[in-house]
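One chain, chain A, appears in both complexes that follow, with chain B as partner in the first and chain C in the second.
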Partner chain A sequence: MNRVLGKHGWTLGLLALLVLLFGITRIIQPNFGASGLDSLSRAALPFAFATAAMVIVVIAGGIDLSVASMMAVAGVTAAVLMEGAGTGGTLFAVAVVLVAGLAMGALNGALIVVTRVPDIVVTLAMLFVWEGVALLILKAPGGTATPWLREMIVGPLVFAWLPKSLVFLAVCLAAVWVPLKRSKLGLSIYAIGSDELAAYRSGVSVGRTRIAAYALCGLLSAIGGLTLTMSTGNGEPIPGPYLLASVAAAVLGGAVLGGGRGALLGPVIAVFVLRLVRMDLTLASVDPNVTTIVEGTIMVAVVMLGGVLAMRRRRA
Partner chain B sequence: MTQAESTALARDPALKRIARFLGDNPMIPLIVLLLLLVGVLEFMRPGIVNERWIANTVKFAIPLAMLAACQTMTMLTGGIDLSAAVAATITGFVMATQVPIVGVPWAIVIGLIPAILIGLVNGFGVAFCRVHPLIMTLGTGLIGTGCLQVYQRFVLSTGSVVPDSLAWLGTGRTWGWPNSLLLFVPFAALLIWGQKRTGFGRLLYALGSNETASRISGVRAWQVYLALYALSGLVAGITGLLYVGLIRAPSLSLVNPLMLPSVAAAVIGGTSIFGGRGGYSGTILGALILTVLGTLLTLLQMPEGARRILFGAIILVVTTIYVRLTDQR
Partner chain C sequence: MKRYLGTVAATAVLATGFGTTAFAENYTIGISNTVQGNGWREEMICAMKAQALSSGEVDSLNIAHRNTDASGQLEDIRNLIQAGVDAIVLNPSNADGVNSAIEEAIEAGIVVVAVDQAVTAPGAYILSNNQEEYAYLGAKWLFEEIGGSGSVVYMRGAAGAGADNDRDKGFQRALAEFPDVEIAHEVFTGWQQDQGKQQILDYLATGIPFDGVWTSGIDNVIVDAFLESDVPLVPIVGADNAGFVGQLASVEGFTGAAVTNPGSIGGAGVTLALQILDGDAPDSNTVLVDPMIWANNDPEGKKLIEEAQNPNLDPEWPVSVSIPGWTTYTMEEIIACKGPGE
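Here is the complex of A and B:
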């Protein structure tokens, strides 16, 4: 029991915070119920995928600033391909988006490995590049999402309290994370994150592992972009505020900037905490712009706290 | 540098000498590139390059070069200031909306305050919490934009006025030369003098080359970071004042289009994004090159998306070349 607590203390604390926030939500809005949970889970979906994408590269000791732009590319690609498409066409569009995500991420990783320019600079440049690609695909918001695909994340599944979008999130993340965590690749990702040189000397192919980590990041970003198109019903070429949100959620969820530590569950709970704070502010009828300021301040504070903690750890 | 390349360089002293020469004089290839671009432009549209065109190019390059000063200064320490465009926009917008209420001089002061505040918060996060400047400035930029939107609600009724003096400075011309040079020439001279000749300027290089070494030699890094980012905010604010005089229509996204090019201008100008290398004179050339390139891309009717791809590619290619030439990470 103690061991479990020690290992997952941070995540359990976040979970308690989440429950507390749900309690506050019930106080602000007494009739908050299944539909509220459904809309919360749907709103959190793109954020959760962006965060999962960020977490994988952060564990590998890197950072990917182009997450939001890759999501935009995936979103507009899906929206354009699904325009007037049938079932076959939709499946084709989803496949294209997933492959494109893998390819974009792999390109980011390959550029970092080949040019040997630091990841933060390469992905900053690629942020601009993917933003441009999204704008070339679609100049203004447009395209459509196939109705049955949109239905996949609307409403409850079996029980009134279980949103379909939450199941969708769990299934997608588990499909990527569980095999990864159990494979050699997953171990290598943790290894290069905690000590690149030691990993190299233990026979880990550092370059290949890094490219794979970025490719997975691209894949998850692409799914995030897809869910964005699924929930809004069209493609938006201008990237949303997912970059800062994903870094903040990753840090709040216990992933250490610098690498080697962290898991997926904590950051995903952190996403729900951050979304719920926003929802509570909206329910308390706070001006949406003020909500943006509060949210931004919370995220900056979290990142600052993460910086202080990382510094402490380095000293210790 | 890979093994093969470094041996190739060792075997070929001429190549090595050229690499070192270019490394020591980064201005020469930049000037050649600028002239080349102007040549291409003249070739595509014969007669386009005249006195009026040059004055216009300089006029539009100046705000870009000033905003790129924020990037240059912060990059010298290995940082970056992604909130600069937001700070500039806030100053421009707040100043223009305050003019009808408090008059021009006070409006300028009130406008500059939030820009400096943003800089101080950036400096605090970088100095004390050791947050990467990129993430820190991205965050403050986001908060700043939110604050500006809330502020806009309160001034909807007052309207906005761009003072004649700023419009004169931003758009006017005297004897064929843009008036903004009156602001820019002393500004650039001060910066170029300051970066190499003052203690503060040298500290920026020192912190960028090796922060640990500077700390051990007694540099109080937090003071430098705090002053640096506050200064960067102030410069961004002044850019906002000049830019609102040039555009003469304050809006909530006034200076934002200059964000990307300002980073690119500093990188093209030879300032290393890893710190410790570069300077402002290169950045000025970088801003001119980007402005001419912008005219060229407009003539080619290049869509906005392709422009962004190009800017990203420029940043990546130039940094890669610098990494290869100097073999630093």
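Here is the complex of A and C:
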């Protein structure tokens, strides 16, 4: 029991925070129910994929500042390819977007490994490159999303309180994360993030692992971009506010900037916590300029509290 | 059981409420905007607050006002639906991207009014400045001013934004009418003052001659850049922002024109929403507000510019702080920027 608590303490704490917030939501808005849950889950979707993308490179000891721009490229590509497309065309568009995501991420990783320029510099440069690419594909919001694809994240599935979008999120993340966690590559990603030299001496191909981590980051960003197009019904070339939000949720979720530690569940719960905080502040009609201050304060407070608890545990 | 009783009580209250008065007259209005920290948008928000207060029909405003994309606006609109507002007034991030949430709102019986830019969702009301006409009027004046031939610097808004795209259509329409005018340099200011100023300073530094500047509302800093660099002024087109309108009246040897683009359209949106809630919906779902041009080399324009001088306004705020027939607040009320209950 203690071992489970110790290992998953942070995630369980976040889960408790989420439950508490749901309680607060019910107090502010007694009618909050299935439709509210659906709204929340749909809003969380792009943030959750951006965060998952960020977490993988953070675990590998890196950072990717081009996450939001890659999402924009994926979103506009999907919207352009799906214009007037049937079922076959839509599946083709999805496949192209996923491959493009992998390729963009792999290019980011390869540039870092080959040029040895720090990841923060390379991905900052690529932020502008992918932003330009998105604008070349689509000058202004446009394109369409195939209706049946959009329906995949609208409304409940089987039970009234189970949003389809939540199932979509769980299935997509599990499809990437579960095999990765059980594979040698997954172990190598943790290893290079924890101690690059030790990993190298243990026979891990550091360069290849890093490129793979960035490629997976690109893939998850592309799925995030796809969900943007699915929810809005068109492609937007200007990147949304996903970069800083993803770093915030990764840290709040227990991933350590610097690498080697973290998992996917905590950060994804953190995304829901942050979205629910925003929903509560809107429901309580708090001054919008105060809202961002509250969001930031909660983040700092939670991370600090976590630090204090971890220190106490070490002393005990 | 408790909840059940609560529901019964609420229904009873509602029933008696409807029985005694025709209109509740204490509405909650939701506001959604996706650009924060820009003078025009801040004036729009203040106009919404001032009009809600002045109408006396609004109990509270739920304001979702932040920098985000269409997906973030979907989240905000859905949160406003959850908050149970009676009407939502929004400045849409783009014409199609937020339709799904607007449709959900209308289904929930909420009145939706889009201001400034249009949305394509059926059932939504649109009260918009005519952006294509905005660019056409200013560009046409500029091209005539430079004698129908020469080169101009084209300083656009934000790449990929719906309003920028509409304005580009108007600009290109005017350009097509003047085959001897060409674009010397085209940049996106992102509707940011500092960025626009840097861009014009960079271009002035190249020394390449040009005959005029068209701006998408980032205007007073462009005039400043000419003055600071000691370069002779060329005709410049801007918006009716307080700073630029001041320059049109006071800078010696400067010929320019301001095209109106009232941020107070936000207040008009609140009025329209309240009219619909009170059962007085307009015949058409779309109401377009056409821009006017005030040129300082034309007696009529000059008179309007002089009347519009207002040193109390932030230089980035449009001087047209009210729209006759649509807004009822005073100048002091919009500058105070207070909504009901604040």
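Assume the second predicted complex is superposed on the first by the 285 of 316 C-alpha atoms of A that agree within 3 Å, B and C clash if a C-alpha of one lies under 4 Å from a C-alpha of the other, contacts with A are read in each partner's own complex, and residues count from 1 in each chain.
By our rule, contacts are C-beta pairs under 8 Å (C-beta built on N, C-alpha and C of every residue); 3 or more make two chains touch, one makes a residue touch a chain.
Computed from a predicted structure; not experimentally measured.
Asks: Quick check on the superposed pair: does A:G307 touch chain B, chain C, both, or neither? Answer first, second, both or neither.
Replies: In the superposed model, A:G307 contacts chain B only, not chain C.
Asks: Once chain A of both complexes is superposed, is A:L127 in touch with chain B (first), chain C (second), both, or neither?
Replies: first
Asks: Touch test for A:P241: chain B only (first), chain C only (second), both, or neither?
Replies: both
Asks: Contacts for A:L135 in the overlay, against chain B (first) and chain C (second): which applies, first, second, both or neither?
Replies: both
Asks: Under the stated touch criterion, which partner chain does A:T292 make contact with: chain B (first), chain C (second), both, or neither?
Replies: Both partners.
Asks: Look at A:K164 in the shared chain and tell me whether it touches chain B only, chain C only, both, or neither; answer first, second, both or neither.
Replies: neither
Asks: Just chain B (first), just chain C (second), both, or neither: which does A:R116 touch?
Replies: In the superposition, A:R116 touches chain B alone.
Asks: Considering only touches as defined above, state whether A:R275 meets chain B (first), chain C (second), both or neither.
Replies: So A:R275 only meets chain C here.
Asks: Touching A:R210, do we find chain B (first), chain C (second), both, or neither?
Replies: neither
Asks: So which positions on chain A get touched by both chain B and chain C?
Replies: 135, 139, 237, 241, 287, 289, 292
Asks: Enumerate the contact residues on chain B facing chain A in the complex.
Replies: Within the complex, chain B touches chain A at residues 125, 128-132, 134-136, 138-140, 142-143, 145-147, 149-150, 153, 260, 263, 273-274, 303-313, 315-316, 319-320, 323, 329.
Asks: Taking the complex as given, what residues does chain A use to touch chain B?
Replies: 63, 65, 111, 115-118, 120-122, 124-129, 131-137, 139, 237, 241, 243-244, 247, 257, 287, 289-290, 292-293, 296-297, 299-300, 303-308, 310-311
Asks: Across the complex, what residues on chain C touch chain A?
Replies: The contact residues of chain C facing chain A are 3, 6, 36, 60-72, 74-76, 78-84, 93-100, 158-162, 164-165.
Asks: Quick check: in the complex, which residue numbers of chain A touch chain C?
Replies: Chain A residues touching chain C: 29-32, 35-36, 39, 42-43, 46, 135, 138-141, 150, 154, 228, 231-234, 236-241, 275, 278-279, 282-283, 285, 287-289, 291-292.
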